[in-house]
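Chain lettering (A, B, C and D) follows the sequence in which the chains are written, and residue indices restart at 1 in each chain.
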Amino acid sequence: MGKKLINDPDNVVSEMIEGIVMASHQRLEKLNDYNVVVRKDAPVEKVALVSGGGSGHEPAHAGYVGQGMLDAAVAGDVFTSPTPDAIFEAIKTVDSGNGVLLIIKNYTGDIMNFEMAAEMAEAEGIEVDHVVVNDDVAVEDSLYTTGRRGVAGTVFVHKIAGAKAAQGADLKEVKRSAEKVIKNVRTKGMAINPCQLPAAEKTTFSLAEDEMEMGIGIHGEPGTEKTKLKKVDQIVELLLDDILSDLEIKTNEKVTLMINGMGGTPLMELYIANRKANQLLKDKGIKIYKTYVGEFMTSLEMEGLSITILKLDDDLINLLEAESEINLL
Amino acid sequence: MGKKLINDPDNVVSEMIEGIVMASHQRLEKLNDYNVVVRKDAPVEKVALVSGGGSGHEPAHAGYVGQGMLDAAVAGDVFTSPTPDAIFEAIKTVDSGNGVLLIIKNYTGDIMNFEMAAEMAEAEGIEVDHVVVNDDVAVEDSLYTTGRRGVAGTVFVHKIAGAKAAQGADLKEVKRSAEKVIKNVRTKGMAINPCQLPAAEKTTFSLAEDEMEMGIGIHGEPGTEKTKLKKVDQIVELLLDDILSDLEIKTNEKVTLMINGMGGTPLMELYIANRKANQLLKDKGIKIYKTYVGEFMTSLEMEGLSITILKLDDDLINLLEAESEINLL
Amino acid sequence: MANKTKKILLETSDVIIENKEYLTELDAAIGDGDHGINLARGFKKLKEKLENETFTERNELFKLTAMTLISNVGGASGPLYGTAFLNISKVISDERLDLDDLVEIAEEAIAGIQKRGKAEAGEKTMLDTIIPAAESLKQSRDNNLDLETALNNCLETAAEGMKNTIEMQATKGRASYLGERSIGHQDPGATSAYLMIKTFITSYL
Amino acid sequence: MANKTKKILLETSDVIIENKEYLTELDAAIGDGDHGINLARGFKKLKEKLENETFTERNELFKLTAMTLISNVGGASGPLYGTAFLNISKVISDERLDLDDLVEIAEEAIAGIQKRGKAEAGEKTMLDTIIPAAESLKQSRDNNLDLETALNNCLETAAEGMKNTIEMQATKGRASYLGERSIGHQDPGATSAYLMIKTFITSYL
């Protein structure tokens, strides 16, 4: 715990962004002075998609910038939402005059910063709209919370809104597709080992040798319940139960299933979890159209996993299957 | 440390294989009674490729089974080479009469088990040949060792031999392509935190809060040198130096660069490492044709990374760019 | 005037930077453990900017503070404190401030925070320090207390407000995800707000 | 005869299974920490098979042992021990074994291990227990010692051989990757080989 393969905690985000751009071989570009990754060919003649949030969730969001998905990703400091000026720069760079959709995860900070950027863009005559992803069923969606958090389900919004935009749909239509995903996607996560901010001395929560956290977020926030470590089959069952009691799915309806690693979880364990998730969904008569196992929305080196279910119809299936430069999804 | 998202340590491999097959949606199949993953459409009318080794290196090797790469992957217990009977079953299943190439990583156990399987297959009239991958420059290739180990470079052998076989080349030609990769690929790895076998009580090595291991293998073996933890830029420089003093590359020659995470390393850190590797290679006048950053050959939840350089010519570039069902590479 | 204000803002920056670890620890307990890191990043930048420029008007100073926090802090606290300072810059004059001015400034700050964050008192946020502090100023004004007593009362009330967040259940911000588990911890934003108010007041007196 | 042999093989299995952790720890120090796990997996399977079948000939028992280890142990030790037992099954008779027989058996086992592993004495492997043990048997035979003395000498030599691996630098197997860092640790395979020889001999005496 505590060791990291970094240089200076203050530079992790900018150095990472440079590393991402270098790995892209001219596909991507970093905006000067901002931790913003944009498609090198931006602006593209279509509705532009901008997402972002704190860093530490890699491959989210810079890993989803490319033909068929996002046009720009704005990277805040680790687990800290980006600032309005950076978001505004991203918007200006990718807008082709067809408008920009902001894909925001539901966190107070993200919403406020993105809203301020939208106000700045609108003041310059750019058409901006936004959607707020809130797929995390660990958080009660009630008066007593700020609503469910946005977590791994966000990448399906990127994919499906990205596909819709690539087809030439207008801002309203792209937003409608994004909202359809948001309405139909739910996630819950857990962890057996926490993560540690590069600039902090300690992990945000700590767990004994026989404990786990259920209902964790993706920012090292403590979960909703600390319990004794269980077998992964039981964990998968608990997570799926919570998801399915929130998202009503009828027999023979199709879904996509995502088993997402939190950053430090070996792929082996994700596949073992996938086995149980498949069995349980099959037992319930739910058809798994497609399964994703891997790391899509992480929390630094946290060890744990989240399960995401997206309820599909033919329209969503078509968009999910659309060509994209991003082969993660 | 020590916690795992599993059910029973004795079943991790078979449950994982089931999870992999389920995630493939009919693309892959598990052989009855064996931890062997094969293409569902096997045997395909072409030279067949079989690889494998201990488990715990996911996505290697089952993740590379598919059109354009492997026809079968044989999974031994965690970090333990598979047994000849399982390898033999794999060979029998994928052989279309065009012969089978075994891609073996250079470990005493792997070589002996694969050789025994090859003897069994030959006794049944199946044409079998093999290559031994030995890309790890951490190990001296001298009389006093069993030669360099096979590590992350192996996946380039899968890709390039797989592409050659898909083009309809015969066993000799496929083997020649594989050997060309082996001749031109070098890797070195390091770790800041060890991993732990599911069935063991302790990690295989231990590191203090300010230590790291250079020259680790992919089985939790201790490395060749325990040193004080350095900044990642220095680490990358040390690893690249060792690789480049073993693999002579002239100015303007093209290479592919792979920054491989060992299983528990956040993607953020791999990208930071990539930044430095790109800078160093550029400074030396070496052209990076393509960069891979991610997890390709892991060691359970080990935190660390390896760097692989493959020297390219036009022939290898063509094969590297060939279509494949496997989008990891 | 501007020089005194600059000094106060520099002192505030130092106090926040000194309390980086403390604020981060508070945030780790019920949030995501970055509040001190976020604010320290913003105030470090502010210090640089303040030290490299000269100012003639107070509102310039507050505007600079606002913009610097908005574009360097991020998270929830960046837009909230940023908007608070932005609103202050709109009303603050270069005259010597009396109690009426201070009440107006506090109300503008609160309006800014509420415009962005839509929170009320009692939701375990920075407002639980700032709203009672503003109320105290108002009362002092209505009771015609002298400035020094008013500021002392205000500081005491701010401290109480901060401590009262311990017993509250969060219903805004990240801590709200914890539900009842948020009870028993002091809110990081309420704490940073107290530190700022304390520095303003102590420097002012 | 077959019953006695079966009993010895069952005892050997138990000893290996009991030493699973110990062998694994030795392997963790200079290898990949699975030697005990690997062997225990194979010998557990062997126990099941032995317990569920009856045998009339010794060579069947050794063949079964060989095949079970080959298809259940994996790693380096699976093919090595497997081939050793397979070779033994080819020469072992159902007669009472004399020293000549034991020498032949030991030499066949070594030949099997060397065919697969291409190692010599002094490379810090299981052979460093087995080769000296075989040499000792040969000497005892050449000196016409009685069987009991011969077996006691053999056991002592095997133990010494095992301990001598501590000072050796590995040049075969995974431990060779460590270079000089392999010195100072007892070889796991040399240890499992000693445990097997010890069980054979103690049960035999």
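For this structure, a couple of remarks:
The rule is simple: a contact is a pair of C-beta atoms (placed from the backbone, for glycine too) under 8 Å apart; a residue touches a chain by one contact, two chains touch by 3 or more.
Since this is a predicted model, take the numbers as computed values, not measurements.
Each step here moves to a touching chain, and the least such steps from chain C to chain D number 3. Least step count on the touch graph, chain B to chain C: 2.
Of all the chains, the one whose CA centre sits at the greatest distance from that of chain C is D.
A straight line joining the Cα centres of chain A and chain C is 32 Å long.
Chain A and chain D, compared by their mean Cα positions, are separated by 54 Å.
Inter-chain spacing, taken between the CA centroids of chain A and chain B, is 29 Å.
Residues of chain B in contact with at least two other chains: none.
Residue numbers of chain C whose C-beta contacts span two or more other chains: none are found. The touch graph of these protein chains is an open line.
Working note: touching chain pairs come out as A-B, A-C, B-D.
Partner chain C is touched in their complex by these residues of chain A: 54, 76-86, 107-109, 112-113, 115-116, 138-140, 143-146, 149, 197, 199-205, 217, 219-222, 224. Residues 1-8, 12, 15-20, 22-23, 25, 55-56, 58-59, 63, 192-193, 207, 209, 212, 229, 231-233, 235, 263-275, 278, 288, 290-293, 295, 298, 300-301, 303-305, 327 of chain A are the ones that touch chain B when the two sit in their complex. Of all residues in chain C, only 21, 24-25, 28-34, 37-38, 41, 70-80, 116-117, 169, 171-174, 176-179, 181 touch chain A in the complex they form.
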